[in-house]
Amino acid sequence: MSGGFAFQVGALARRSVLRTLRQPAMVIPSLFFPLLLLSINAGGLDSATELPGFPTDSYLQFALAIAFVQGALFSANSAGTNVSNDVETGFLNRLALTPLRRLALLMGQLAGIMALGLLQAVTFLVVGLVAGAGIEAGVTGAVVIVVLSLVISLAFGSIGAFVALRTGSGEAVQGIFPLLFAALFLSSMALPRNLIETAWFREVATYNPVSYMLEAIRSLVIFGWDGEALALGFACAGGVALIAILAASSALRTRMVRT
Amino acid sequence: MREAAIEATDLVREFKKGPRAVDGIDLRVDPGEVYGFLGPNGAGKSTTVHMLTTLLPPTSGVARVAGHDVVKEGSEVRAAIGAALQEAALDPFLTGSEHMRLQTAMHGMRGDEGRRRGEELLARVGLTQAADRKIRAYSGGMKRRLDLALALVHDPRILFLDEPTTGLDPQSRSALWDEVQRLATESGVTVFLTTQYLEEADVLADRIGIIDHGKIVAEGTPEALKAEVGRPSVEVIPAEFVDLERARAVLSRFGEQANSSPKGAAVRLSGGEGRLAEVVRALDAENISLQHLQLHAPTLNDVFLEKTGRSLEGAAEEEPDEAEDQPKEAVAA
Amino acid sequence: MSRGSFTSVARAVAWRSIHSFFTNPAIIIPSALFPLFFFTAFAGGLSRVDSVPGFDFDSGYTAFVYGFVLLQASAFGGVFAGFAIARDFESGFSRRLLLAAPRRSGIVTGYWLAALARALFTVGLITVVALVAGMDIAAGGLDLVGLYTLALLVNAATMLFGCGVAMRLRTMQAGPAMQVPVFLLLFLAPVWVPYDLLTGWVKTAATVNPITLVLEADRGFIAGDPVKVLAAFAVAAGLAALMVLWARGGLRSAEQAA
């Protein structure tokens, strides 16, 4: 007797969402820290808006996009930790003994990340609006921001899941967190790419997919509808997500050995 | 001969580093039997269970469970078996009910059917009251009972229990033994039980396989195994030292003399432990009062000692835990 | 009966921590990389900010950022030493230390010496990288002495703070309790721009934040134009002195539990 694929995904998704949201130690920092940093940066770097060519006179509006990506980094940590716990406790073996399909397991696990991602996106949007950062693209733009944010969460969450499945270790998951932060820092996080003075840094930021994720969200906040920015942002987030999901799926095939 | 519930022929499992964890095991478990797999840590018990439950492919050899080949027909095997492995493998953030809901869903039970089955099993293992508490709040015994209940969701005919009572207090252990015995006698479930506890194997198992360094060193019923290594002996210490010779003479009627303490006399009983009552009656008939009487019956530890030259309890401290190797090997494989 | 003196206890504890730090890649690499990374990211990514009208710092943005990263590395070096102490408590090693050492204040001193060694290593590394990156440093000899002394005082203060927390809580869960206050103190200061260019509540926070004085004195030393030196040293030394009391209280708490 086995359930349909969607039914299995649903059951696993339910578990993943419950266990993620029941860990305040995971949820609260992922909401609190991006907002704290946003608040600090808005006051600390507001003078940067006086630079010629700076696209807005509110650094809060410029920096709002960072919160979404930072939140996604916490998602990577959360996904990775939850999956590595399943490996270390043997819960994965329990699931392996059922008629469960591997892809259903992975998608179910990532559902928890999406739930957290949704909570983060809505929170950051609301706080941003209350703090005075208008969304130029309006309500529809806000919805697109949430969708893009979910894709970014999926991308980083899948990276976390891949590391957890590949290594089976929570420590290894903690170990990649700095690398992901490096990916965020070496981007157009703090200044628009055209205003980055240091040549090598600008070059790295140009090749860094995180830059395009930030710029896509930023375009909706500051400019309205910029098709190119959106396309690049979704392509980068979607591309990273696809690669990471494939990698995680492969790692799951090795990890969940069953004949 | 009816088809075996579990059958293995020359089963081997090698890991990349180190000796063979399972080194050519042959075994057969009949339907409805409780088979005890006894051995110290690192002997190969868990590795064997992982192979029989399709979680680890054998390096060589053949195993069939519920009539299906574990390598070629893995999904059919999994449909027929339940397993409660060495780790309780529970999610601390979910409740007992939520675990049951997930497990029933994984086996395709939807809605009311799943809910009813979950409630039935939780009641069976005495966890109805605790069903809505998170696993974090469960004791070790409760976790093990939930683990067992989850393994029974799809009504398997064969149940694998990998060290189910390790770390439990005596009361919890006893409760789990009762449940296993009930499953075997009332429901006819075949139980493959691994353990490092002599008493557990002795009490629960119809037949025992003793494993050491990946090989089965002895196999049989507990009584037959113990009888192989010797007969029970009785030692008596008379209340009055002057009665020692007469006590010795009485005992000599029941078997050959055995070693004893200086103040006592001992005999190796021919005819088994059942003759103890006769010995007591005979001593009483001679008006010999006793200060001390002791029956020494061979234990499974004596069996292990005879076969391996080591005591099972001592061997438990020597070997690294085989389960630690497996997660890494799953990546290396 | 142990004949251990204050010095021998401190030396033994320090040696163990230092040895553990320098022989364990999992500890030394992040300790070295994080400050370097922040330095690179801020100096590289934000260098245009020194073109903002009113940005008054002649030595260039790299040197401006160096001032902050130096303090950050020193401060977090102290916090990581606190982590090491918490780890020792969780593993039970500290209990053995407390029982074995006749002069327990030597234990705290030993941890402090180790934190100092770690800080010197990290600061040295960042300085080399900053100089290679072309940092313009107008500081004279005395300025440099002032600069690094301030950094080491901050390191001592955060280490003693972390020590006090670790000895009271005696678990790795104490990590955030050590990190978050230090993080807030550092970042509610003129991190990326001078104080005058801050806006909003961050400016208000920086006004009351004692680290602002330390940071400004820091940058003054780097630019060869010392400012607010006495006030900065008073703050840093005062914090360190306060944290000595805090750490001693923590030691007493740990002794009672041992």
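Labels for the chains are A, B and C, by order of writing; each one numbers its residues from 1.
Following the convention adopted for this analysis, a contact is a pair of C-beta atoms (placed from the backbone, for glycine too) under 8 Å apart; a residue touches a chain by one contact, two chains touch by 3 or more.
Just so you know, these numbers come straight off a predicted model, no measurement behind them.
**Q** Please give the intersection of the contact partners of subunit B with those of subunit C.
**A** A
**Q** Could you find the chain whose CA centre sits the greatest distance from that of subunit B?
**A** Between subunit B and the rest, the longest centre separation is with C.
**Q** Between subunit B and subunit C, what's the gap in Å when you average each chain's C-alpha atoms?
**A** 57
**Q** Go ahead and note the Å separation of the Cα centroids belonging to subunit A and subunit C.
**A** 31
**Q** Would you kindly tell me how far, in whole Å, the mean C-alpha position of subunit B lies from that of subunit A?
**A** 48
**Q** Can you list the residues of subunit C that touch 2 or more other chains?
**A** none
**Q** Note which residues of subunit B are touching subunit A in the complex, please.
**A** Subunit B residues touching subunit A: 53-57, 70-72, 74-75, 78-79, 81-83, 85-91, 93-94, 98, 101-103, 105-110, 134, 150, 154, 327-328, 330-331, 333.
**Q** Considering the complex alone, what residue numbers of subunit A touch subunit B?
**A** Listed in rising order, the residues are 1-3, 7-8, 10-12, 14-15, 18-19, 22-23, 86-91, 93-100, 166-168, 254-255, 257-259.
**Q** State the interface residues of subunit C toward subunit A in the complex, per the touch definition above.
**A** Those residues of subunit C that touch subunit A are 30, 33-34, 37-38, 41-49, 51-55, 187-188, 190-193, 197-203.
**Q** In their shared complex, at which residues does subunit A touch subunit C?
**A** Residues in contact with subunit C: 37, 39-40, 42-48, 50-51, 178, 182, 185-186, 189-191, 195-198, 200-201, 205.
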